[in-house]
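The chains carry the letters A, B, C and D, assigned in the order they are written, with residues numbered from 1 in each.
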Amino acid sequence: MDVLYFAWVRERIGLPKERIDTPPATVMDLVNELRAREERYEAAFADLGALRVAVDQELSDFDAPLAGAREVAFFPPMTGG
Amino acid sequence: MDVLYFAWVRERIGLPKERIDTPPATVMDLVNELRAREERYEAAFADLGALRVAVDQELSDFDAPLAGAREVAFFPPMTGG
Amino acid sequence: MDVRVQEAAFDLGSEANAFVAKQSGMGAVVTFTGIVRDLDGARLSTMEIEHYPGMTQKALDTIANEAASRWNLGDILIIHRYGMLHPDDLIMMVATAARHRADAFQAAEFLMDFLKSRAPFWKKEVTEAGTDWVAARDEDEDALSRW
Amino acid sequence: MDVRVQEAAFDLGSEANAFVAKQSGMGAVVTFTGIVRDLDGARLSTMEIEHYPGMTQKALDTIANEAASRWNLGDILIIHRYGMLHPDDLIMMVATAARHRADAFQAAEFLMDFLKSRAPFWKKEVTEAGTDWVAARDEDEDALSRW
């Protein structure tokens, strides 16, 4: 599964994309797994209220299941227009 | 005082503009004076709900006074835009 | 602020670009364009727009000033034609510029609502079936009450 | 319906004229244009727009389809840029065509509200004072609740 980061999430973590070979059950499990890794992940995921998540390129929730998902993306609230 | 007619009011009365030498007290008095003249005026002023009036180029009411007015215009509801 | 009543055609693209180029610090520009359209059923050949020359410019200026006083705007443009028009001709346009989009949108809607029912223009449609003055729609008059 | 995500600049005037020329029987066209503006206080030198390439086109298509299902529209255009922009550059535009102006206005406002908060774009501003990601405004999120 690909995990993508955008905007300041990408900057804090320091990379735009990485692979996770065994996907956890839910988005929240993935977040916890990443947080446990290193300080920079902990910093990026410190305030989940300031984050949005997309599963397979559709906006989703932190409790969404990841079974069969090919791509998860984390980013701040969008500021288009 | 000039009296102006626009759109179907102009067409029914058959002229765009005429002069009235002694202006009546109010718009309504003017309407009654015109109505009394001829069938085509009566036809134009038959339904006052379907008419609008401007005094000196500002939208006004049928009970507005005409003292000092230089121009009165009658027309149907506007359809700009 | 720029308010023009004219018989001549205008070019939406040139006007929109010129309007944007004039602004400074405005993040949002809204335009509305009114176009002569064919009527349901009856083919329209011409639309004749009559106006009240002495009053039109003043009425439009008043409407534009009212919009400028109600919203935080950088600029307003109104162009309205009169005379003989044909299907697909542009009848009129408004443009508004503002720092924020809500002001630009609301001011443009306000301008259109008042222009429809408070500016002295009257439309006459010539179709295969005959000639008719366009009747004012109740919903256009009702639209004023929201402001 | 025409939805474009592009790095290249676009010309508002040409796009607006082409959009109007494509329509048939539509009496009302509304455009919204978003422009890079200088910030209060700090001079903006560049605005960098990041997006999520795989998702952006789909998200915009979804928003446009939703607008088309809610209002009686003839057509929709969305153009949104990404990459490095500068003050006075056009960021994006939407255009809507409808028989009646209320549909064209409401659909354009709906498109803008959803584009602001539901399309995967992020703006980063570089000023004299430093570099900052633009924060989403609560009022932009709140604007969605009216639809």
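One rule holds in what follows: a contact is a pair of C-beta atoms (placed from the backbone, for glycine too) under 8 Å apart; a residue touches a chain by one contact, two chains touch by 3 or more.
Remember, predicted model here, so these are calculated numbers, not experimental data.
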Shared interface partners, meaning chains that touch chain A and chain D: none
Remotest chain, chain D as reference, centres from CA atoms: B
Distance between chain centroids, defined by C-alpha means - chain B, chain C (Å): 26
Length of the line joining the C-alpha centres of chain A and chain B, rounded to whole Å: 71
Interchain centroid distance [CA atoms averaged], chain B/chain D, Å: 48
Residues of chain A engaged with two or more neighbouring chains: 81
Chain D: positions in contact with at least two other chains: 34, 101, 112
Interchain pairs in contact, sorted by label: A-D, B-C, C-D
Residues of chain D that touch chain A when the two form their complex: 34, 50, 52, 54-55, 58-59, 80, 91-92, 112, 115-124, 133-136, 141
Partner chain D, residues of chain A touching it in the complex: 4, 6-8, 54, 57-59, 71, 73, 75-81
Residue ranges of chain C touching chain D (in the complex, touch as defined): 11-17, 20, 23-38, 90, 99, 101-102, 104-105, 108-109, 112, 143
